[in-house]
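One structure is given here, and the rest of the page talks about it.
Letters A, B, C, D, E, F, G and H name the chains as they come in the text, with residue numbers starting at 1 for each one.
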Amino acid sequence: MSEWTVYLSGEIHTDWREQIVNGAEARDLPITFFSPVTDHSASDDCGAAILGGEDNKFWYDHKGAKVNAIRTRTLIEQSDIVVVRFGDQYKQWNAAFDAGYAAALGKSLIILHDPALTHPLKEVDAAAQAVAETPDQVVRVLQYTTQGVLQR
Amino acid sequence: MSEWTVYLSGEIHTDWREQIVNGAEARDLPITFFSPVTDHSASDDCGAAILGGEDNKFWYDHKGAKVNAIRTRTLIEQSDIVVVRFGDQYKQWNAAFDAGYAAALGKSLIILHDPALTHPLKEVDAAAQAVAETPDQVVRVLQYTTQGVLQR
Amino acid sequence: MSEWTVYLSGEIHTDWREQIVNGAEARDLPITFFSPVTDHSASDDCGAAILGGEDNKFWYDHKGAKVNAIRTRTLIEQSDIVVVRFGDQYKQWNAAFDAGYAAALGKSLIILHDPALTHPLKEVDAAAQAVAETPDQVVRVLQYTTQGVLQR
Amino acid sequence: MSEWTVYLSGEIHTDWREQIVNGAEARDLPITFFSPVTDHSASDDCGAAILGGEDNKFWYDHKGAKVNAIRTRTLIEQSDIVVVRFGDQYKQWNAAFDAGYAAALGKSLIILHDPALTHPLKEVDAAAQAVAETPDQVVRVLQYTTQGVLQR
Amino acid sequence: MSEWTVYLSGEIHTDWREQIVNGAEARDLPITFFSPVTDHSASDDCGAAILGGEDNKFWYDHKGAKVNAIRTRTLIEQSDIVVVRFGDQYKQWNAAFDAGYAAALGKSLIILHDPALTHPLKEVDAAAQAVAETPDQVVRVLQYTTQGVLQR
Amino acid sequence: MSEWTVYLSGEIHTDWREQIVNGAEARDLPITFFSPVTDHSASDDCGAAILGGEDNKFWYDHKGAKVNAIRTRTLIEQSDIVVVRFGDQYKQWNAAFDAGYAAALGKSLIILHDPALTHPLKEVDAAAQAVAETPDQVVRVLQYTTQGVLQR
Amino acid sequence: MSEWTVYLSGEIHTDWREQIVNGAEARDLPITFFSPVTDHSASDDCGAAILGGEDNKFWYDHKGAKVNAIRTRTLIEQSDIVVVRFGDQYKQWNAAFDAGYAAALGKSLIILHDPALTHPLKEVDAAAQAVAETPDQVVRVLQYTTQGVLQR
Amino acid sequence: MSEWTVYLSGEIHTDWREQIVNGAEARDLPITFFSPVTDHSASDDCGAAILGGEDNKFWYDHKGAKVNAIRTRTLIEQSDIVVVRFGDQYKQWNAAFDAGYAAALGKSLIILHDPALTHPLKEVDAAAQAVAETPDQVVRVLQYTTQGVLQR
């Protein structure tokens, strides 16, 4: 049986990642999951905290974003499938950026969002192999994809 | 010794995959085999069953085909050799599509079909490293290729 | 303005290529069109006629298919968009092979076929950016894509 | 002298593209500019208007987004530099998607936005070679980059 | 109509290149031909003559071979089709090296040689799209490939 | 410590492969070695013996060469280093083809041959990272490269 | 959890590599570290010592540099992250070369140097995801990147 | 005849670029030359002058280096040959970085430097197709490479 790697990108304020990881474990799926750092303040501060503070907010953010990109880019490149979750708050441009990055690398994309976001996400959805509304749907797509088992 | 991965694409109504897998096991070949989902109704319904039904047949099929493509594309990309079997029924355009996809990725192609199909398959065969008529021939090509043993 | 290249693959027994090329000229689209050799007997015989006859039909076809592939592969690789037409006759596995080849190279695919073929073509359509039923629709997609003009 | 191609992605409700194109012309820069279709209703309707209407809004949008992607992806791939403009309205996930897509292809990115958007755009900015606040700055970066002339 | 580039590699002691170039001109084929430097002594001496002499024959040859490779590699990479001619004299390992190099880049290969060389060239021929015995056959393959005209 | 893969291409009539493999084992080098099938008659006959005989010698050879290429190409692509040995007999064009193929893929090349062959091999040597005269030298290069140990 | 590979390039006269490797071990980071051969005289002499002496200093160096490149290029290509250290002595052009090589391959770069070198290293730093002044900072970036743990 | 593109990287304080460009013009070589911006102060200030000043010297340099990289990377990628000149002053790490970047992209490298720099440049020279001491030698290599004419 093949081993799969799945990157979980996007929204960090709900437990959708846990739902997917738990669902996959419950079904014994042969998947290793990767994620960005989901601790919001660590993610914001990592550059300045490690490499030295910055008075200028732009550079403070810049340092952190680049350190995060080491993790993000490497793990997306190592993944077979990239799941990107869009929530109903915040700009979430990093999520859309990840989706575009993954699409250009030829990764299979699964986009997870509420139907209310269909219109503004149409370009992102159009690049995806599957558009889901719930984490459970994502788990079932992963189950079908990796095990060939369709849970109706 | 090297480890090999082989994807078995195409016709799903006879037991050719089992013959190849069993033949490889009997010879202890160092091969991991991959396949698409070969349960016809699961393959047709997976999109709508998981992600939501569709009245329009085009979109019903579309959703399913895209979910299947997550598995198909990923596993073809992970394979060293792609075997594509054409039977005597159905359009089998997905099999020819897989062959073209694999060829463009530089995979070694083995095409398996009855001599009666030689003329319509000539462009596909021309892209292959080997054209076989029986699963046993495929097994022997795999044995030679992976173990260096020629069973005459 | 950008210059575009479009490859017209597939069915060779109707005048769909002429309709598209004429429609593009009428609209002054900035497109160079490429095609395989559409003279059926030349396409079948080119290998043996030039490089020497073959008694064995398999090799007769093989030689021709490989010579045709020089043209086909090169022009697909040079194209921005690949249009693939499926008719209601013949196996047309070379058309599906071209579609898979183009998809793996990341080309934009437009598939042209009658709705009656939707189910057997679902995997091919799923890889496409557009699925059209008439040459006129293809021309209008090309017009919109290359000129940004939407003819409603 | 080298010839350059620059793709102008993102916000479509102000005249920033015209400012850049006019500024480049005034300086005689050796640049061909590409853009998505910036007519909002044409962009929304192109799929259904050409390929057939859809009752379901998701598929209506989907068809249009895929047709637009033919233009968008092709022109981004043909560009040396991709400029992405973020405005203060709308979700603009397609702009961030384009930025990620271009970054993965190794294109030089110039991001254009108001300083108020610095924090939510930090991951996008971190992938850029230049972050500008005004179209005039973009023109001057292009002038320096293509002509080697620094207008202080 | 498409423009083609063809690289003529291999044997330098007969006029096969001239025959192909003249035949292509006579048929008005849309082809630009590239060649290595075919002046044997210039090819041997170019490194030492320009960059400084070497007492050690290995380095004398090494310098020259590397300078020649600038031309050879660049032009092979720019070509659509690579024709490689093997004669009946000399080792001609550089010709076989060029064939392998072109094959790995996915170029279309046409191999030109006497039937007497079939057995030792079998691996090279197996990577080719066409195996010809005469320059005239090569010209006719190029005519068919680029113009779609089959001269029987 | 890193794990390395090394492909041993070329001459099959002396025991140079055994010398290198034994030398590597004696030094406990972290290397997996790959080779083509070195049984000459198996290598010649594999195509026809498995896939069906051919009266025409060209196609007999062709079938075999293509089956061998499945093994050869796959293992070269999986290797970090490709060692190519040229002996003093036979045409050995397949060895030079492999060297060109490996060079185009960016593999590190080590060429092994007698100084008498320096001139005809100059283009091949010029693409190599090391040119050795004895299997023992190759082992020592591999020891240095993989373990960082220089045996003077 | 993901496994990471990190290449440590550059200065060989201080113990910065040991500090990073030890720091990573102390934190139990899931990283395999690679390095060039850091024994200066072995690195200088490896070519001539193994493959034969050279009177001409250029070729003496050339042989050694190419043998070292087998190790260097292969390990950089296998790495997720490349750390390049610049000290205050010597030309260190090989360090900058490695940085450029890694950048072109899309590797994440971390540059480690004293602030005094900021101006001459500005082009190298501009290609990096992080610029550190101490080995401890590098360890903390690696800890954050691979474990998601921010040690403030 | 083929058209060539050559990028001239490195040292900016002597007239070596003019010598090469003039020499190429005098010989009517079919070459378009590209260069970085060689106005030292413009190159240093371009980021801050266009995009806004920075008190922190690191970010001042950083902004400029990134803007320069738009030009540098794009033109190196468009070039067939990259010539890199090292002088006897300054760190010149950007030159070595460009050489590594070009090498990883598979460009043909010509390195131009005084023999006194042979030892510290050995890794850079080892990646080159030619190592020259004078601009005139570079011109003659370009003449031979592009025209096939050896001026002894």
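To be clear about the criterion, a contact is a pair of C-beta atoms (placed from the backbone, for glycine too) under 8 Å apart; a residue touches a chain by one contact, two chains touch by 3 or more.
Because the structure is a prediction, the values reported are computed rather than measured.
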Message: Moving step by step between touching chains, how few steps can get you from chain D to chain H?
response: 1
Field: Shared interface numbering between chain D and chain A [over half = same, under half = different]
entry: same
Statement: Whole-Å distance, C-alpha centre of chain A to that of chain G, is 31
Message: As a quick test, compute the distance in whole Å between the mean CA positions of chain E and chain F.
response: 24
Query: Measuring from the mean C-alpha position of chain C to the mean C-alpha position of chain H, what distance in angstrom results?
result: 43
Query: Between chain B and chain H, what is the gap in Å from one C-alpha centre to the other?
result: 49
- line: Each of the following residues of chain F touches two or more other chains, namely 66, 69, 131
Message: Going by the touch definition at the top, which pairs of chains touch each other?
response: A-B, A-D, A-G, A-H, B-C, B-D, B-F, C-D, C-E, C-F, D-H, E-F, E-G, E-H, F-G, G-H
Field: chain F-facing residues of chain E, complex
entry: 57-58, 61-62, 64-66, 68-69, 72, 86, 90-105, 115, 117-127, 131
Field: Parts of chain A lying in touch with chain B, wherever the complex brings them together
entry: 2, 4, 80-81, 108, 110, 129-133, 137, 140-141, 144-146, 148, 150-152
Task: Using the touch rule from the top, collect the residues of chain D that touch chain C in their complex.
output: 32, 34-35, 37-39, 42, 45-47, 49-52, 63, 66-67, 69-71, 73-75, 78
- prompt: Where on chain H is chain A touching in the complex?
  reply: 54, 56, 59
